[in-house]
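Note that chain A is present in both complexes that follow, paired respectively with chain B and with chain C.
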Partner chain A sequence: MVSVQSTFVFATAQYQSGDWDSAPLVPANIIDTIAQYTSIPVAPTGVIVPLGSERLLEFPFVFLTGHLPVRFTDEERRMLRRFVERGGFLFVDDHNHDIDGAFHKTAVEEIERTVGPLRPLPNDHALYRAFFVFEDGPPTTSHELNGWGDNLVHEHLLAVTSGGRISVLYSNKDYSSEWNFHPRTKRMLSVDPTRFAVNVIVHALTR
Partner chain B sequence: MSAPAVGHVAAQPVRSDAPLAQLERTRRALVGVTVVRGLLLGIAAGAGTWTLLRVARVLWLRMGGSEWPASDGAAIGVAVILALVVLAVVLARILPRLTTARVALWVEEQVPGLDYALVTAADPRAGAAERLAPRLGRVPWQELVRTASRRRLLGPAVAAIAALGVAFLLPASERAVHAARASDATTSPSIAQPTRPTSGPLAEIRAVVVPPAYSGLPRQTLDDPTTVAALVGSTVSLSGRAPDSGAVRAAFGDRSLDVLRADARWTTTLRMPAAAGLVRLSAPGGERLILLEPRPDSAPVVTLATSVVDTVLREPSGIIALEAEARDDLGLASSRWEWIVTSGDGELFQARTGTLGEALHGGRRAATLSARLDLTALAVKAGDVVHVRATATDRNDVTGPGVGASETRTIRIARPGEYDSLTFEGIAPPPTDSALLSQRMLLLRAERLVARMARIERQELVDSSRSLAADQATLRRRVGRLVYQKLGEDEDAEHAHFPGDGHDHGAEGRIDPDDILARADAATGGGPVVLDFEGDETPVVAINRPLLEAYNHMWDAGRALEIADPRSAIPSMRRALEAIQRAREAERYYLRGQPPRVVVDVAAARLTGKAEGRGSARTPLDPADPAARERARRLDAAAVLARRDPGAAADSLIVLRLEAAADPELAATLDAAARQLREGAPADDELARARRLVLPGGLRRGALDAWRGW
Partner chain C sequence: MPSPADVVARPRVNAARRALELALRLLAIVALAIALWRELVPAEPGAVTRVATAGDSTSVRAVLGTWSADPDVSAAHLSLRDAPDAITRDWLRALRGAGAQVGWDAPLPAPAAITAEPLPDVLPRVRIAATTASPVMLADGVGVVDSLPAGGGAVIGASVEGVVSARPAADSVRAPVMATRVHDSLLVRRVLVLGMAGWEARFIVAALEEAGWLVDARLAVAPDVAVVQGSVRPDTARHAAVVVVDSSAAPHATAIARYVRMGGGLVLLPEALTLAPFRALAAGARGSALRAEPGRLASEEPRHGLALVPVASPRPDARVLEARDGAVAVAARRVGAGRVVQVGYVDSWRWRLAGRDDAVAAHRAWWSALVSGVAYAPARAIYVPDPWRPLDDAPAARLIAALGTPSPAPASAAAPAVPGHPGVRWLLFAIAVGALLAEWASRRLRGAP
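This part shows the complex of A and B:
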């Protein structure tokens, strides 16, 4: 029996291959951001949901990251397919920031095999105006600007869309590293890099 | 303002405080007049506002608008607020001016004969009240207030009365508009407009449904139905009280139906058609529609239980057990298994067909079909293919019989030549579970070897120690791969660049952190600039330092093991194990399934409130397709019609329901609404639900522009 969540719960996907827990501070940081900027009822701590479990269907938004090669099990593929068919929003971030890296190659292959083709998301998409306005599309990360990973500043995010709705949002920008700090650190920053997470989550919950 | 007529009277003794008391009464009277004037002006403003809003609403409705955006409550609220504002403005403007001195001046202005005696007397600093009292007593000005009150209050009173009068007259005009709109709705050409008689031959209709005999379903009687749903081929009899005068006519589509009269009742009978249609009944008192909704008889469903998959047999002999399940909604008549044997090769093929396992089921709704397929009896030979499927028929003798068949199973007999051409695809051997090898295990093995050293031969010690050295090198390469993976190189980097793998790389040995730093910068594309991370370490070194230490200790241990000195290797192996443990406990390493649990203080975070949020641009609803808009319009018209003539509205809904057969939920809702109206009950909920089903996203109003945020 699937229960209905009235409070937004930040869910991190746990998959059997790779290192799903490579960015353990991201959930708390994003929860803090959601609480700061929005009035969305939000649970104070995130949950870890196995990608191959029925529990996946309890959450409208699921975050997935990692460095290592990704190979979904048959059950994980089946549940992910059900998840997006039921309107779920999966946000995948390449923690390597490397389009030639193991995570990117394998995760893209798995997503395209399981859900559908990933296409560049236009930078004037509603996602970039869902809460804060990002005129130039996805905000760059310090890892891109510092030349880590593939030494590229990625112009677009990728997405699997169905009927105009984003079902899988894929990033090579390494938001996992950019957001992987304790929420209290935010007060030291002149610009909060986690604001883009508000757009992603608000878009996921309202479209 | 002209001065009032003030007469002179004979001098009388006057009390010294009498003029001042009269002045105070005058002041109070003027205050009262001001309040009443404010109230009248407020009433006029409020009633006028309410009247204007109602006039706008009437004009809106006359221009074809469907729903006035402001409710009655909102209009009254606006009117009351405006009235209070006007009252407050009047009082705020006038009351502060009504001091004794200014009232005295006003009286002096109106009665020039006072010659400022009143102003002087009213001034306590002058102290002349007693002296001027006789003079003031000679000039009466008591009528002054009354005259001023009439002038001040007449205009506002007329305005208030006029506004109230118009406001009370408006609702009648509005009702007339509503009536006109309702009348317009009923004249829509797309809606059936029969009037439902409340008495007479069409008032109480009874439908008797007799299903076909094969179905075994019972006879059904429906009182006053809006819809008759029955199996195709059922006999449907509609009857009612026979009129004293005139006749009842009945038609199904374009076809007239015979109407019989017997026992003071009329009856018309027809068979349930294969397609839905309307029976139109008409009598002198009005007309009525009844929807006939056919229910088809489903064909049997047959599912193979065994054999489960297609198969290839080595020999053309033996018996194959077959089993299938058959189900039917009304009843199975018979079943059998069909087989086809195809023989031949190339372009020469022969086929034989036959049946087996025939059975009668006598109307049972489910049955198990079993048979035994004897390949020997079928005389199949090598290379033949046998196709088998189960079929079942139902008892439908009206539109059937319905026939259902299972999927076809194929049984092939292999040719003798096939056995010498077996092929297989080579697959990679399964990977060894490298997790079995751990630094702790190597350490235990080294400690045991040290404990046995005194009891074993030198050669055995050398062999065992070198075996341990090889395992230690393997584990070291795994750690090196992990380090290099973090550094951004591929997994083979350690093999390509690190010593201990049996290749000649020149100067092999321990890893220098500075060397690692240079490799990291090269791998990540960074320049010579070093980023501070923790003290003066780079992020790469800080993250991987425990693993680098482990790597170096492993290298030391391996070197000692290579020269058969396990006792010297053990300290390095322990330090390597300890470094690995530290690496696991380092910030970026968490045991699987146990990430740090940080609980965010949501309330504390919310103290900052919203910062720079902006509303996003919304896109308007997609316009509904023309067919849906038309259905919505007809549904709206039927809803309006329901207030005046529920029976006619019910007929309109039945027509809509006939066209909505493809949408079972909408059809059921329309049916429920029609039934409610037939029974004289309100159907608002059903109509609202039907409206939502007809236009799920709501109707986009052409007059509204897209909302673009604040």
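This part shows the complex of A and C:
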């Protein structure tokens, strides 16, 4: 009997400003992680989906990253609003570890303008127990200092929630740098840094 | 001293007065005898017939009041404008039970009936079905709640308790033509969703929760790892229905089959039919997948934009609920005390995400209705207002059941028959009393005892 079950597709948002493709190895790495730890059917390759196109509505999980200042176009704002209102999950990671937090300041402004206010996500949120257990909340990375230009390690992720569900998950942890390596490199690491990505995707698929 | 003429004339006068007194006495006796005869001898059937034309129930009752007080009425015929209400109908039936022949005719409205039942849904919703020839307005004790098209039915998304009545939409001042009693009396429990972690299961849970259902779920993530919400053991004491998304529900298949036979509801998606226990419950077999029709998600028929695994070879006891281009998309059947619905659509979440502006609400309502259609919802006792109030849920049918089919008005009885007039009894009484008084006065005036 042929299965008609759909697979999880890792989609990366392409937006017109900034550098949306700053972490090109992340999709393959996360796909590898999902296949390795879970039995969730996952597409072997990710897709790139323009933020301002109707195609955005084909992928309920979308990853967005970058270093540079972000300014969405009107069409990108309209589509992002529709995406979130209909139940999509946008995972935004600040790839920035340079000065002044340019991505952070502009991306937060755009998200709050388009979708709603970002609030700190409690570290005992179900996200941190969705698959692996992260007792202290979001795992830190070796890159996150000064991600916002304030020389602090931030203890919380931020989120826009709607009806008790996360619509937008915002990270300043620079997971884009932490996960931007070839999947085969994982075997050299004592602790797989991409494990938290499993939690994010499992949470998006189940809550 | 009386004159000789007086002596000769007085006996003649007295004889005449005695004859008159005798005549008056006989007249009184005859009048009393006639009255007695009229009381003791029943009137011949059809001898006294009443015919009336009455528009509404109030005027019908006025006519019935007159007829009921007249024992001479042996036949009655009403020309009605509408079917009378329940009280008037019972009155006519009682008149017939008392021996009168009761006939009726009316330009009878098209057969009309109304019924209402609560839906096993999380929101207080009432399904109202009515057969009417013209649109009607529905009202409860508070006011107008909805309208029905001619010959239509409706689901009212509100708590309606008490009496729901229908009146012609074109005539707002007219009395209700039919009414029924409705109340929310179902105990609606949780829904259990079983499947792999994936968009379909996730958006089914979201849609049901947004619709107000409390949802338990087990979404498998890896072998022996699942995201669990609530209790995942199917139980009619906790769950109204179970939604099986795919084969990850295999460990629960036997329990689910038992749950359904005990009355539980089950929604099966195409991937669930890869398991034999669910194939045994399903409405039909799993057909060959049909592709989604490009560009249809945002159309008026959004489910044409979904891939479809049709319900093939539906069982004889299955009922097709939805079809697409000749293929059965949704079908249901009863299994034991429970109900099973088999859904052929694949990835319905695509409709929610890429559909028209109302797609989220439509997707939510569709899923809620699917679950509602099979949900196990035992009745619970509640307060019923005015339980003694007779209601007319099918006025024309009940009129015919009570009085038989309509008949033409009797032409010969167009006017009331004189012998049947109730004043005759009083006239006879007055004659008898008057005659006796006159006879007594005559005797006393002439000095007789």
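One rule holds for everything that comes next: the second predicted complex is superposed on the first by the 190 of 207 C-alpha atoms of A that agree within 3 Å, B and C clash if a C-alpha of one lies under 4 Å from a C-alpha of the other, contacts with A are read in each partner's own complex, and residues count from 1 in each chain.
Keep in mind that, in the parts below, a residue touches a chain if its C-beta (ideal position, glycine included) is under 8 Å from a C-beta of that chain, and two chains touch if they have at least 3 such contacts.
Given the structure is predicted, the values throughout are model-derived calculations rather than measurements.
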| item | value |
| --- | --- |
| Fit or clash between chain C and chain B when superposed on chain A | clash |
| Partner chain in contact with A:P183 - chain B first, chain C second, else both or neither | first |
| Contacts of A:R207 with chain B and chain C, given as first, second, both or neither | second |
| Touched partner set for A:I31, first chain B, second chain C, both or neither | first |
| Most chain A residues touched (candidates chain B, chain C) | B |
| Chain B versus chain C as contact partner of A:E85, first or second or both or neither | second |
| First (chain B), second (chain C), both or neither touched by A:F134 | neither |
| Chain B versus chain C as contact partner of A:H67, first or second or both or neither | first |
| Partner chain(s) touched by A:S39 [first = chain B, second = chain C, both, neither] | both |
| Offending stretch of chain C which, after superposing on A, collides with chain B (from 9-17, 315-323 or 369-377) | 369-377 |
| Residues of chain A at both interfaces, chain B in one complex, chain C in the other | 37-39, 130-131, 202 |
| Complex contact set, residues of chain C against chain A | 196-203, 206, 209-210, 217, 219-223, 225, 227, 246, 270-271, 274, 286, 289, 307, 309, 346-347, 349-350, 352-354, 359-360 |
| In the complex with chain B, residue positions of chain A that touch it | 12, 14, 21-22, 24-25, 27-28, 31-32, 35-39, 42, 44-45, 48, 67-68, 96, 98, 101, 126, 129-133, 146-149, 151, 182-183, 198, 202 |
| Contact footprint of chain C on chain A as seen in their complex | 1-6, 8, 37-41, 54, 57-58, 60, 83, 85-88, 130-131, 163, 165, 202, 204-207 |
| Parts of chain B lying in touch with chain A, wherever the complex brings them together | 485, 488, 524-527, 531, 588, 590, 592-593, 595-602, 605-606, 608, 610-614, 616-617 |
